[in-house]
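Okay, so chain A shows up in both of these, paired with chain B first and chain C after.
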Partner chain A sequence: MSNWIQSDLTPALEWRDVTLDLGEFAIRDVSLRLEPRTWMCVIGPTGAGKTLVLEIAAGFLRPTRGQVFRGGENITRVPPERRRIAYIPQDDLLFPHLDVRANLLYGSRGEREELEHRLHSVAADLRISHLLDRRVHVISGGEAQRVALGRGLLADADVLLLDECTSALDEETREIVGDFLLEQRSQREISVIHVTHDSAEAERLADVTVTMAAGRITRIETNDQGPGRGRSEPGAPAPLVLQVPQVSRKHSRNPQLGEKIWQ
Partner chain B sequence: MAVTFEMTKRLAEMAGLSRCVEVGDGRTLGEALQSLSNRLREAGANTLLQNGDLHPSILVVVDGEARSAHDRDLPLAGGETIDLLLPIAGG
Partner chain C sequence: MRSNLAFRTVFLSALVVLVVFVVMFLGAAFVYSGPEHLLQQLSTESARDSIVLSMVTSAAATLLALIFGVPAAYALTRWRIPGRAVIDMLLDLPIVLPPLVAGFSLLLLYAVLERALTGSIAGSPFDLRFTRTGIVLAQFTIAAPLAVRVLRAAFSEVPVRLETMSRSLGQGEARTFLRISLPMSRNGLLAGTILVWARSIAEFGPILVFCGAVRGKTDVLPIAIFLAFSNGELENGVALSALLILLGGLAIAAIRRWSGGEVRLA
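After this line comes the complex of A and B, so read on.
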C-alpha cells in the first residue's frame, strides 16, 4: 500500500500541458510536478524528449503551448539567468574561457568571504581543490563532470537539472557521486530532476521515476527505495511524500571505495 | 574580415548547423552577430533568435573574453573565434 499522498504544497517546478515541436525533437502535452526536495529521475529511449523537458525548465527553449512554474511563479518567459535553476548538461560542461575556479563561481551570489568558504567546501567534497587554478582544457572528463556538479551546487539555485551528467563515469564512481548528491540534496534542501539512461541508477537515487517515450510521459512511478510506492496515470501530477525522504548511504555497496576514486 | 563562430554541441543541434560557422561580414562584433543571425534565420533556427537577433541569453565569448550586448561596436580584425555558450549554471 502506498503512503505517497497528493500534495497541497507548491511544487518546486511544474510543467502544465507543455508542448514543443522542434522537428527531430518534440514533447507533447507534458504535465509534471517536481515536489520540493524530491529527486525525480526521467528515463526513456533516445528521442523521447527528456532533454527538452530540462531545457524548457532551464529557459533555453520556450514551449509553443503550455506554461512552466517555479515555486508557483509562472516563469515561461523568464530568461534562464533569472530562473535560479542550475542546469548541468551532458556535453560542453564547462565554460572554456574560464578556469576551474571561475567556472565553479559562475552563477553564484553572495558575500565574497562566504562564497570563498563555500567554494573551498564544495571543492574539497568533490576532491577538486587541486584543480582550482587550472584551465578547463587540461582536466579530465571525470574531473570536468565534478567541476560542473560543483558549479551547480554553488549556484544561487535550489533546483538542479542533471542531464546524464555522470554518464562518462564508471559505475562505481557514479554511485559515489550519487551518494554525495543525495547528501547535498538533504543538506541544501534542493530538488533534483535527473535524466538518465541507467534504470538501476534511477532505482537507487529517485523518489519518483518518470518514463518518457515519443515526447510523452508514459509512466510516473514512486521508487521502491522511497518511503512508499505507487503509480499514477500518464499526465497526472506526480505524487508527493509528506515526509522528506531520509537520505543515507545505506544503498552504497562500498562507501570506502569513494576515497580511492576521488584521489 | 572572416570570423568563426563555435557553438556548443547542443546549440549546433538546435540550429541544425555544424558547430563551426564562418561568416565573412564582421568589421564589428555587431555585424558578425547579425550575419550569424541571418544564417540562423535561413536555417530555420528560430529558437536561437529573439526579434531577429541572437537570443540574448546566449553567452558570447570573443577570443576567450566574455562580451555583452554593449560590445556590439567592438572592432574585429578578422580571424577571431567567437564561442557561443548556454548560460548553463542558472543562478
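After this line comes the complex of A and C, so read on.
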C-alpha cells in the first residue's frame, strides 16, 4: 500500500514500505519518491539508515519487505547492472588493480573518441586530470572521492546516489564540486539523492530535504532557496508539494513540523 | 622478569630443535651424495624421462584442477548453494584420505562402471588404468579438491562490495568476474596454482595403485624413487629425492612471494 499522495509524474525512484534489518542498521516501512530532475538531500544522525536507502536502490542490498521502483518499473529483484543507477559510496569503492583512467571509464559506454572527450571534461571539472595515469592506492582520500564521483557521472545512468561522497574534501573543493554537480544535473536532467551530514550543503544543493532517524523518515521539507526553485525551463524539478508522504506525519518526531509541511 | 626469560627460552628452544631437525633431514640427501654426483645421476636417460613425465602430468593435472576448481570455488564462495556444508565435506574428503585409498577408490570406480556397462570400458580409450593418462587422473583426484580449497581462500579476499559496484556500473556477473574478481585474486590464484602443482608432482599413493610402478611407463619422480630404493639403486633414489626437495623449496618460496608470506586454506 502506498503512503503517498500521487503526483502525475512517474517518479525517477520510489521506495514503497521498504524494510530491511541488518542488526546494527535498519530501515522500517520507508516510503519515498524522488521526482525526475530533483535533488533530494537525506540528512540524519549516524545509524539512521540513510545509506541503506541508497544501497537498496542501487541493488547492493535486497529489502526483506517492500518494493523499489525506477521510472515506474519494479526493480526490487532486478540485478544492479540493469538498474542504470549510479551509486557513489562514502568508501569510494575504486578498483585497486586499475589506474584512475580505467576506474573513471569503467561504467561508461560509447564511441572511444566521445568517451575520451567526456573523460577529460569531467576530469578537468573535478580537478583530477593530473591523476589519470596513477594507481588508485597512491591518491589521497579526497582525490579518491572525486574519482568515484567522476566514475558515477561517466556511467550510463540518469539517477545519481551520492553517499557523503564529498566528506573528505575541503570546503572550497566541496563547493566547486557541488556547483559542478548542479551544472551536470541541469545539463543532463539527472535526478539525485544525496546523503550528507552537512546541513548547509543540503540547503545549498537540495530541492527537498529528507530527515531520517532510527530507520524511519521523520521529516520532509522543500527548499524554497533550492537550486530548482522558480525554474520554468525544461528540466525544472517537479512541484515538490506533491511529494509529502503521509507516513512522515504518522512517524514524525516533531508533529508541529509535520503539520507545517502538510500545510 | 626471570619467569618471562624462562618462558621464552623454552619456547625458542623448541623452535630451534624443530628447525635444526628439518634442515638436517632435508639436507641429508645433498650431503650424502654431493652436488656433482647428484647432477650426474639426474642426467641419466631414465632420470630425465621421469622428470619430463612428472612435469607434463603434474602440469596437466594442475590445469584440469584449475578448469574445474576456479568456477567451483567461486560458486562456493559467492552464491547460496543448497547443501553447501555437505559439498564442502565431500570436496575435502579426498585431501584427508590416505593416498592409497584414493588410488584404490579410482580402481573400484572402474570396476563398478565395468559391471554397470557390461565390460565395455576395458580396452577402450576411457580405460586409463596403468596408463600415463591415468597418472593425470590420479593426480587430479587430489589436486582438484585442493584447488577448490585454496582458490576459495583467494576469492574470499576480494570484497563483495567491489563486485557489486562493478555490477552497478553496468557489468554483468561474468564480466565482473573477469574484470574484477580474477585480477584482484591474482596473487592468491598464483600461489594456489603452485601449491596444487607441488602436491600433484609429489603424488605417489594413488598413482602406485591406479597406474602401477612400471619403469619407462608410469615412473613419475615419486614412483621412480620408490623403484630405485626397491631395486637397491640408492644413488639414483637419493638424486631424485634431492630434486623433489629442491622443487618443493622453490614452490614454497614462490607461494610465499605471491601470497604475501603465508598460504591460507579457506
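Note that the second predicted complex is superposed on the first by the 218 of 263 C-alpha atoms of A that agree within 3 Å, B and C clash if a C-alpha of one lies under 4 Å from a C-alpha of the other, contacts with A are read in each partner's own complex, and residues count from 1 in each chain.
Following the convention adopted for this analysis, a contact is a pair of C-beta atoms (placed from the backbone, for glycine too) under 8 Å apart; a residue touches a chain by one contact, two chains touch by 3 or more.
Keep in mind the model is a prediction, meaning the values are calculated, not measured.
Asker: Do chain B and chain C fit side by side on chain A in the superposed arrangement, or is it a clash?
Answerer: On the superposed model, which is not a single observed complex, chain B and chain C clash.
Asker: After superposition on the shared chain, which partner residues are touched by A:P96: those of chain B (first), chain C (second), both, or neither?
Answerer: Both partners, chain B and chain C.
Asker: Using the touch definition from the top, say if A:Q145 reaches chain B (first), chain C (second), both or neither.
Answerer: Touch status of A:Q145: no partner.
Asker: Quick one: classify A:T222 as touching chain B (first), chain C (second), both or neither.
Answerer: Once the two structures are laid over each other on A, A:T222 reaches no partner at all.
Asker: Which of the two partners, first being chain B and second being chain C, lies in contact with A:T166: first, second, both, or neither?
Answerer: Touch partners of A:T166: none, neither chain B nor chain C.
Asker: Quick check on the superposed pair: does A:S191 touch chain B, chain C, both, or neither? Answer first, second, both or neither.
Answerer: So A:S191 meets neither chain B nor chain C here.
Asker: Looking at the overlay, what does A:T211 touch: chain B (first), chain C (second), both, or neither?
Answerer: Neither chain B nor chain C is touched by A:T211.
Asker: If you tally the residues of chain A touched by each partner, is the higher count for chain B or for chain C?
Answerer: Tallying touched residues of chain A, the top partner is B.
Asker: Examine A:L22 and indicate which partner it touches, taking first as chain B and second as chain C; both and neither are also allowed.
Answerer: first
Asker: Overlap of the chain B and chain C footprints on chain A, residue-wise?
Answerer: 58-60, 79-81, 83-87, 89, 91, 93, 95-97, 106-107, 109, 151, 155-156
Asker: Using the touch rule from the top, collect the residues of chain A that touch chain C in their complex.
Answerer: Residues in contact with chain C: 58-60, 79-81, 83-87, 89, 91, 93, 95-97, 106-107, 109, 151, 155-156.
Asker: Enumerate the contact residues on chain C facing chain A in the complex.
Answerer: Interface residues on chain C, with respect to chain A: 161-162, 164-173, 180, 183-184, 186.
Asker: Any idea which chain A residues touch chain B in the complex?
Answerer: 22, 55, 58-62, 79-81, 83-89, 91-93, 95-97, 106-109, 148, 151-152, 155-157, 161
Asker: Considering the complex alone, what residue numbers of chain B touch chain A?
Answerer: Going through chain B, the ones touching chain A are 8-10, 14, 47, 56-57, 59, 61, 64-66, 83, 85-91.
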